[in-house]
Amino acid sequence: MAEEFEPKIVAFLCKWCSSAGSDLAGVSRMQYPPNVIPITVMCSGSVSPLYIFSAFNKGADGVLVSGCHPGDCHYIKGNFYARRRIALVKKLLEYVGLEPERFQMSWISAAEGVKYTKVIKDFVQELKPLGPQKKLRRTQ
Amino acid sequence: MKRTGVFVCHCGINIAGTVDVKKVSEELSKHSGVVHAEDYIYACSDPGQNIIIDAIKEKKLDNVVIACCSPNLHETTFRNAAKTAGLNEFQCEIANIREQCSWVHKDMEKATDKAIKLTRSAVQRVRRNEPLEPISVPVTRRALVIGGGIAGIQSALDLANTGFEVILVEREPSIGGHMIQLSETFPTLDCSQCIMTPKMVEVSKHPKIKLMTYSEVQEISGYVGNFKVKILKKPTYVYADKCTLCDECTKVCPVAVPDEFNLGLTARRAIYIPFPQAIPATFTLDIKNCPGLLPIACGKCTDVCEPGAIDYDMKPEIVEEEVGAIIVATGYDLYEKELLTEYGYGKYPDVLDGLQFERLLSASGPTMGKVLRPSDHKEPKEVVFIQCAGSRDPELHCAYCSKICCMYTAKHAMLYKHHVPDGQAYIFYIDIRSGGKDYEEFVQRAVEDDGVLYLRGKVSKVFEDKGKIKVWGVDTLAGKDIEIDADMVVLATAMRPSKGADELARKLKIAMDKDGFLAEAHPKLKPLESVTSGMFLAGAAQAPKDIPEAVAQASGAAGKAISILSQERLYHAPTVAEVNVNLCTGCGMCVQVCPYDSLSLKDGKVEVNEVLCEGCGTCSATCLRAAIQVKNMTPLQVNEMIKAALGG
Amino acid sequence: MVNLEELKKEASQILKEGKVKYIIGFQRGSNGLLPVPAFIKNPKDVEKLVWDPTCVYNLTLFLQDEKRKKTKEKEPDERPVGIVVKGCDSRAINVLLQEEFIKRDDVYVLGVSCENTGVLDEKKLAKKLKGKKAKKVEFGANDDFVITTEDGNIKIAAQEVLAERCLECKAHFPVIYDVLIGEKTKRNVENPFKSLEKIESLPPEERWKFWKEQIEKCIRCYACRSVCPMCYCDECVADTINFVVTPDTSAEEKAQKIKWLEKSPVSSENFVYHFVRAIHLAGRCIDCGECERVCPLDIPVRFLNKKLEKEAKELFDYDVGFDPDKPSLVSSFKDDDPEDFIR
Amino acid sequence: MEKVLSKKAFPQWVKKLESYTMYLPRKDGDFWNYEVIKNPEIIDLDYLNTVLSPKKIIFPQREVLLEFSTSNEEELKINEVLPEEAQSVIFGVRPCDAKALTLTDKVFGGDFKDPYYWKRRNSTALVGLACNTPPSPNCFCLSVDGSPHSKEGLDILITDLGDKYHAESFTKKGDDLLNLAKALFKNPTAKEKKDLEKIQAESKKKIQRQIKDTKKIPPKLKDMFDSPFWDEESLSCIRCGICTYLCPTCHCFDINDEVTSSSPIKGERVRTWDNCQFPDFTMHSSGHNPRPDKAARLRQRILHKFQYFVELYKNYQCTGCGRCISKCPVGIDIIEVLEKARDYGS
């Protein structure tokens, strides 16, 4: 039997909410697939569109940007800028035909270990049928 | 080429149980630039730290990565170790292979692979970290306390008595908060006003306290140690220094509105003093209800005011203050009448809330300490107390327990019996929560000495019937339905964050919990701190509390504030934004997005105020020309981390 | 109708009065139908100015050169530059003002209205003429173009040969100007994003096929970014080396230059370039269509920018280039910005 | 070898060449480009000139020179990647583009013979198509020692004679191609030869653009390095790379290491076209740029083509294809620039 496709996902987690939420998932020993490599950034507002393009260019099968819920941003409003920016990036990527499932955004608070687990599980589940992301990755 | 060391912690079996730590260290040793890689059972232990320190010295490492638990736990530990070995603290980074890896996965091979990527990613980052020293800023050695209830008063007095100047801001015309409305306090039954008023007077007389009543915080900028506050002083239209408290004005005022202090049980005039012991002792003209400023002027009060203390032209004033620390003690309000309709609250005059009943019991209250029901001023003989009115009701009302209601209801019933010895007090309760010094004994006293009848169960309906208030309920212990023809019903209504606290929280940039109470920085370890450094929480603004708890937290918050104010200088994380002026075109987009006003344009280029910058990086994602970036989390670093994360 | 003489008169006057340093306008070139940019200093040369449907260029691009030159001069001539702008070009001025790239006093805007027409799409005209060669194209009296060919004049309804962006233009007269030549005529554009529909309606995989084919063609001549008045960065993220180096730039800083994409003109790298350009133009592109016109390989670059213009409008109700005092699209937000895509 | 082939038989000939990799101009939207063609049925030689010249086949825009990797830190493995030696034919090469390859031959064939270039060059036969009508309104080959039916650089030149093609081979490579389908070709009749001459003579007249006195230009340019002329002429230049990337004679390149993995290190050394019109072309790592502005870069383009190259190789580095004129976003016209330069100051 062919080995099941394991998507490679890069997740940009804000330090104060989503990364802390992922820590809570760990402390609570929740289980989720190991496909995600988190990169903790200070704020979802600091995630430049370039990071996303770069991740897909370097072969990510999926990219997640996760920040604090609206109104909860540690930096007051960084996630609002992120919301706008990411919406545009998402529209652009979908416009050229990248599968919408491949690029996602979520609000995960420091208390939402359960949600983090669910977001990751769902993400991996949705990417599996799509197979490897070859559209934007650098040919090697 | 920089020399990197990698240390992989087993954390007992916490990591080693799911991650092949030997393999991680072996793989990392092949990573370009990594000259030392090893694993150890507990890296955070003293011997573990010594291994790191020795390796840094012996192998002349330029930077190290510790693959271990979350950076929230031991980043400081390992950075201190790195410092001991002569590195800059930023030459140490953590790869979180426990919370984000070993604890959440079971498949050893895959978890190991992920741990390798996480660690490589941290290596790519640390190799590009700049050594940075904390930014030092002087401290403004004054404090702001927001809220003049018992918590705010306690904080202000503690700070002032330590020798620091305090600005105490209160929204109402007088300080005192809800405590000054209470009759007696549990479990000692000492008179609330008697213990409160001396503190109020002390505040008003204290040379270090600048009291600003009828004022609201309008804007806050700055950062720990150096906040700038704009305070709106609402006009009282009465010059306190001229007012002789002769009370002639209230006699001529034609307006009658419900009296806030007595919670609508009595009326007051448009010009009024909230209560006799008010601090500051002066009258206030309630402009919303005064016809004096309408086109057809009334002006009666000015006519009778001999000292000429009333001035309709008084204008709001903005006062700017600089402080180093802020204590937020905005207190609570009772659950809104409109939201709690099922008990006839707001519909029947003899259904009261706890605070109204306090006023009825109070010697200075509307009935001069006699328990008389509002509708007909007769002495109620059957009184039903309903606990958890709005609390512990996740479906309809508040999910949380308001904590103090069990105790004050026992007190209410007991005091009622003292006032009306031949009356009967019934208490419907779900549980009795009487944890606290002498609290349980107090409840027992109510039952045993004063014959208060506790009924375990919920009230299903409250309605008026032939001059009585019928209360239908159930006694779940006896297993029977209960019907009481009550003369009065007293609700132990839920405590809510005080109105407007949410707006203030937003101005202060401090978070709120799901119920709107101000969020502490950590539920266990930082109960006094807000998430914004330099701002502390006191009293019921943070969660329902009784008086001793509020006072204790207030003193604690004052202590925390003092720990800042007692320093000459504070140190600020140096991971702030920096501008490449060669690339900056001065478009100002970063200036617009900065949440801290730390960026400004000067001569067509952006400048960073490093003290204001919190390093969130929103500017760098906004900049189209990569002209601004946050130190040690630069786009270059992130890009290298992305590569490492994807195995490249 | 726009009176060219009026434009010349105004141009000549401001030059004579010394109100402006020089005027950037259009003049006839030696190569084909399109004009070439004119940089006029001498009032005499004002006679060279032309205004006809072939004036496709967005001359605001040249304000970049002016700014660079000025920053190098010790005692720069502080007088404004006169510049001939159409409706779309004038929105570029607004964006440049919004981003403080220029100051209002830096330009003297000679606005010309496209009235009910716009500028020519050369390819559409060529198809229309079926091999006949156009020598001259002029505005007609009835929203048409008068085309001079070897065999005499032909009138063609402007709608048939207008550039796609002109058919979708929201303000075909200058929205900022010092002098306006022509009328601010009203024209209803039913769907300003109509041209996008063809690609948008494709199923995702077809859309991918389309874009891959297009983007693969790119030879990275960077004409699209070179011609763009908004691409005024001294150093583009697509550049792999530092352009802006001063004597105190350290070797370390130079090494910090990020290679977001390789120089190789392969699909993946071309996509990064075009994505970055599109996202950096979101809320800034004023749809002058120049990027698409100049592309030697006919990549429909404009659609990328237009798509984001549409999203900005639909998601955030953001119009580009109408208000220089408004914060930029991505440096502002509303509390109720849509977030249905967020988990 | 001189032959005639009926137009109908042309696809049959192409079919005989199946063993070769065949490139033919193909219409893509509004323009033409070379593509590898497998099915000869769709052959169409009635085309305007391609946007990119056949240079892109012989000297591709991206070329891997070598691969490198480390298995562990000590050992670096390098593997040279030479192009495959596939026999190829490019059909329909315009004489100007063929001539252009003779110029790049000089550049890549000096003391050091560039193996990547020459592997492709030697294994590729060029079948040219004479320009009976100019394929671009901006053609000016006659002004730069070219002609619409020049054989320079070609293995075979085909000329359209109405219902048939005249095909002349000049090299062994060309002869081989014709010999593969001997039966299809006939020897030209005297009338056909006469027709050919007539067509060739007429085709020259049809060329619309020319530079007068081209010869005077190189000596004149010699003294114009510091002239303010370049500032004036470059005012409208937008610094894009169209003119040079589309030029069949421009040959500058850049070499970069593209690292695909850093642990362990893996990657390729890649050669890509570079462009003297880009500001980074001459950028020194010190920050000094000897060609700091677009005036200097326009001057470089003109001087390289009409002075330096002439001095070095006795040839203009321009074959008059007109691409840079047609595609310049702002209508900069090399003919006009050269003529102005020639007359500058006199």
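The first chain written gets the first letter, and so on, giving A, B, C and D; residue counts start at 1 in each chain.
The definition used in the following text is that contacts are C-beta pairs under 8 Å (C-beta built on N, C-alpha and C of every residue); 3 or more make two chains touch, one makes a residue touch a chain.
Worth saying up front: this structure is predicted, and the values here are computed from it rather than measured.
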Q: Tell me which chain's centre, taken as the mean of its C-alpha atoms, is farthest from subunit B.
A: D
Q. What chain is most central when centres are computed from CA atoms?
A. A
Q: Between A-B and B-D, name the chain pair that shares the greater number of C-beta pairs in contact.
A: A-B
Q.
Just the number, please: Cα centre separation of subunit C and subunit D in whole Å.
A. 31
Q) Can you give the whole-Å distance between the Cα centres of subunit B and subunit D? A) 74
Q. When the centre of a chain is set as the mean of its C-alpha atoms, what distance in Å lies between subunit A and subunit C?
A. 35
Q: Give me the residues of subunit B that touch two or more other chains.
A: 593, 622, 635, 639, 643, 647-648
Q | Contacts with 2+ other chains: residues of subunit A | A | 49-50, 54, 77, 81, 85, 138
Q: Check each residue of subunit D and list the ones that touch at least two other chains.
A: 260
Q) Considering the complex alone, what residue numbers of subunit D touch subunit B? A) 72-73, 260-265
Q: Using the touch rule from the top, collect the residues of subunit B that touch subunit A in their complex.
A: 70-72, 96, 98-101, 103-107, 110-111, 113-114, 117-118, 121, 509, 511, 531, 593, 595-596, 614-618, 620-622, 630, 633, 635, 638-639, 641-643, 645-648
Q.
Residue numbers of subunit A touching subunit C in their complex, please.
A. 49-50, 53-54, 57, 70, 77, 80-81, 83-85, 87-100, 104-107, 119, 122, 135-139
Q: Using the touch definition up top, name the residues of subunit C that touch subunit D in the complex.
A: 29-32, 34-37, 39, 57, 61-62, 65, 123, 133, 217, 219-223, 226-227, 239-243, 245-247, 249, 254, 262-266, 290, 293-294, 296-298
Q | Residues on subunit A engaged by subunit B in the complex (per definition of touch) | A | 6, 8, 10, 16, 20, 22-23, 25-27, 29-34, 37-43, 45-51, 54-55, 58-60, 72, 74-78, 81-82, 85, 117
